[in-house]
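Each of the next two complexes has chain A plus one more chain, namely chain B in the first and chain C in the second.
The block that comes next holds the complex of A and B.
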């Protein structure tokens, strides 16, 4: 693979929380690439480590002294994890920008939108006050806010969630980042606003030639905008492939299970939606072998002892001993209500 | 758009209900603020409120009862108690305000640093505050005042230090809460330096409880300062402050109750007025 194509390359990233007694693995051996101008969706259930991964790239996890980070994160051939705190800080808000899940609490309640946007802009460049104001209005118009003057004068509490999220995105874009990390940017918003925000991100990355790492638990969101889908489970990347491939023929049983939970839009609907039995394991007591095996419909005896490596499989990569794409030996059913391929 | 307007309307409504709720207490609040205005006026312009001279001794009207020649009676030197009270207001207010300011500055700084840095710094500063807290405020001020000697500055330092633990605790707790807020993380993710995040985002969002505590502390500081004066650790001046006046009248309490009683009433009223104003401010600033 041509390395120059890659903007961000995570290799064997691990995050451990030292709770005073022992280290709890939150992210284990996360490996993924984001190419230039690409939207990569990081999907998985709550607690699968997707947000922690994004926050670690941003260097925010590391601010907590109890967190230990391993592996490498090459951003344009610079290992972000080897940078000292000060150099990492300078990259934030310039090369890297982040948008969070809860727009209403992402803005400081005691300042107006204008003063916060101005503050963000000044991180990037020094302009005359007039030019600054022009840039702010321009940025707000870019994200689809047309009554700029009112919004600029507003305090965050006077804006709706969708507006706040637009403001947050505008703020992130004022930095003209090369990589935008969006941590569930649309989860707190209603569906119509959600579609608009996604369209906006998709349009802007073409216009700005920006790469996006989009964290979401919503397969629908991933289907809409992703160039590539990375599925995480219990802190590990379990599948990495094109969306067409993932949605048509998921390789990992977990991905298959996630897709089976979505009700079909055509035809008869099942009375009870299939769900993956059980829940994401507590990071402090992960099952041995593959972390997914207790919930897996395809589990083999081997799965209980050995954790599968991430290996190429049918056009993507997958970490599974018995992927759905391989018609291997019939699997003993361990869980009966799991999704099937 | 519609949602934004609705939020704005909800804000207006909340303000209205707040108004109607407070109107029940408006009378007491009005009295409190009026009383505080009188005290402040006395401190600022004592000559206007009390026309006779506070330093002139008048043997002809020694220990006269309230109402005979003067409104609140005279002391054993023939000075009007009212005049003395008016002239003592300045000392009380200056010490109360300055000590509060000092305690607030030191305490808030300690709390801010401890809460933000956490870890060893928090532990060390926390223990320091715990040590200060071991002693009751008055006792601590008493020890400091007697160690430093009697002067207005020392009195301010003594009373101010006794107010430090309260401010430190409140500020630390508030910083711990605010530090975890998403907008603080958002500010960090925008690459702002830690000092800037602390001063621009954490501090402004943390001050409301401190402001409320400060108003209440002005009241207690006035009392602590008066107590120190009462015990003879205050500044000896020609015109006694409220604490000294209380002490002065003590030997005459059986025959001339008014010398000690009126300063006591004035002190009590001032403290109550300050704390009612503090309650009002707390509601206003929406602090729990």
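The block that comes next holds the complex of A and C.
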């Protein structure tokens, strides 16, 4: 793939939180690409570092002085991490826009939708008030809001969650960003509304040739919209591949475990759901070696001491010494794992 | 009334031993929609004439989107709230008008596991005293009898009894939910209301807790009213499922039947919108337009007609009858028989 195809390229990104005593790793050596017009889904459980990664690209993590960010984030050959606050502020709302999980708490309760949208638009361009209003209505219509006048006059509390999320997306899109960062944009919404929002994001990226980095914990959502799936665990990217590959033949035992424990919607119901034992480790006390090894069914003695690098494997990349796609190692060598949360 | 007959018939077929029967139960709230003190309060019909019967030893799944009234129905069913009208029979006793000591005794038999394990556990109490509290209050257990019983309960939900001194904050989300479950089973209840009990947990932990709930049902002969918005998890645990929309149960059937052969257009839309982790599945998406109307001002006739792809004139005029699709399958829709049975 030629380099000009890439819009965003994260290389060895790390985020550490200095809690006064020591640095707690939230993101460790995250490497991923987002190509033009592509939807990349960043999936993982709570504490995997997926949201922190997206917020760091947007330059939001850095606003907290206790956070230390390392590595590079090339956006069109410009390293976002090297920009000063002023240039980063200009990138936001022009090249980059972000949609958050909680639409109601991301909108300002004391201003109407109209004044919040106008503020966003004015940062980008100066238009006559009349042209501004036309642009706002157009933006709302684009996201499927038809009674624009009522919505523009409303305060956020008067709108439903789905409606607020549409307003957030409209606001993000007013800037015609080249990269949309969406952090669990549908998690707080009902499934029928989620279906509408996902379709909207998918349609807009085709029409606007926008790239999307979508953070989600829901493998179903990823299967629905992703062009590529990046799985994170305990702050690291553990697998990166096409959805066809990830869902049919996951390479990392964690990805496999995540998929196995989702109850099926058709066919026989398993008597016992194949759960992953234990729980996600706290970033302040990560296990040595591969962070997943205490919960891994495929763990080898080596996994307890050495953290595997992200390497090509069966059409994608995976960070694992004993991926599911390789022939299983002889049983006696496996480290026995069981246990519960 | 046809509605009652239909759903009771469905219940009788199983083995005719209902533990909990709701007959035409409604829960209405008076809400002020204006700051003008002379403006009359409006009636919010959270639950509106629901009849339902739950068999001993079964898991009845209740699904629906936010605002459908499923949590209110659950709270009324276990008498955390009193119904506005209708009768509730628990174990042969009419409980809708119970109060005081009588209700206290009934509540011993009906326990609740809530969604947010941290919010429903007292942060200042140790895990052991949280689990032991119902035993102290209701059974007067003290000293080593109490400690032994608490340790036994902790073991039965997969917690290490040596953690009895820990505070909820020191536990992981899954462990906290295990504490909530241990507290709920402490008094050997007959019925457990699980209101979104696994929804807030990480997927891998969700599977563990789901397995635990199923295991306890079998070991202790429990009956569950299992409320959730996630369809896959309901399919996994429930024998029968009811689908709620704006205060009514619009469809009830055996789980496999409901998922394989949904009759109500809303149930179909819900199933179609629920994402599956398989990118090769490109099902026909029934995307519902708009959002549910407010229960303060319900549409005339059928409540679903404003979003229904099949709505016709009759739907605006007459409330739909309860159609008996099979002895165990009822649906409230004008087109139930003509819509592809």
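Note that in this section the second predicted complex is superposed on the first by the 327 of 341 C-alpha atoms of A that agree within 3 Å, B and C clash if a C-alpha of one lies under 4 Å from a C-alpha of the other, contacts with A are read in each partner's own complex, and residues count from 1 in each chain.
Quick note on the criterion: contacts are C-beta pairs under 8 Å (C-beta built on N, C-alpha and C of every residue); 3 or more make two chains touch, one makes a residue touch a chain.
All values derive from a computational prediction rather than experimental measurement.
Once the two complexes are laid over each other on the shared chain, residue contacts for A:266 go to chain C alone; chain B is not touched.
By the touch criterion defined above, A:276 reaches chain C but does not reach chain B. By the touch criterion stated above, A:163 is placed in contact with chain B and with chain C alike. With both structures placed on the common chain, the touch criterion links A:203 to neither chain B nor chain C. Shared-chain residue A:224: touches chain C; no touch with chain B. By the document's definition of touching, of the two partners only chain B reaches A:123; chain C does not.
In the superposition on chain A, no contact is made by A:302 with either chain B or chain C. The interface of chain A with chain B overlaps its interface with chain C at residues 160-163. Note for the complex: chain A touches chain C at residues 45-46, 160-163, 190-196, 199, 217-224, 226, 243-244, 247-248, 257-259, 261-266, 269-270, 272-277, 279-280, 295, 340-341.
Residue ranges of chain B in contact with chain A, taken from their complex: 1, 3-4, 7-8, 11, 119, 181-183, 185-193, 200-201, 204-205. For chain A in complex with chain B, the residues that touch the partner chain are 58, 60, 63, 65, 89-94, 97-98, 100, 102, 105-111, 119-120, 123, 147, 154, 157-163, 168, 171, 175. Put simply, chain C touches chain A in their complex at residues 65-66, 158, 172-175, 178, 202-211, 214, 229, 231-233, 235-236, 259-260, 269-281, 285, 287-289, 291.
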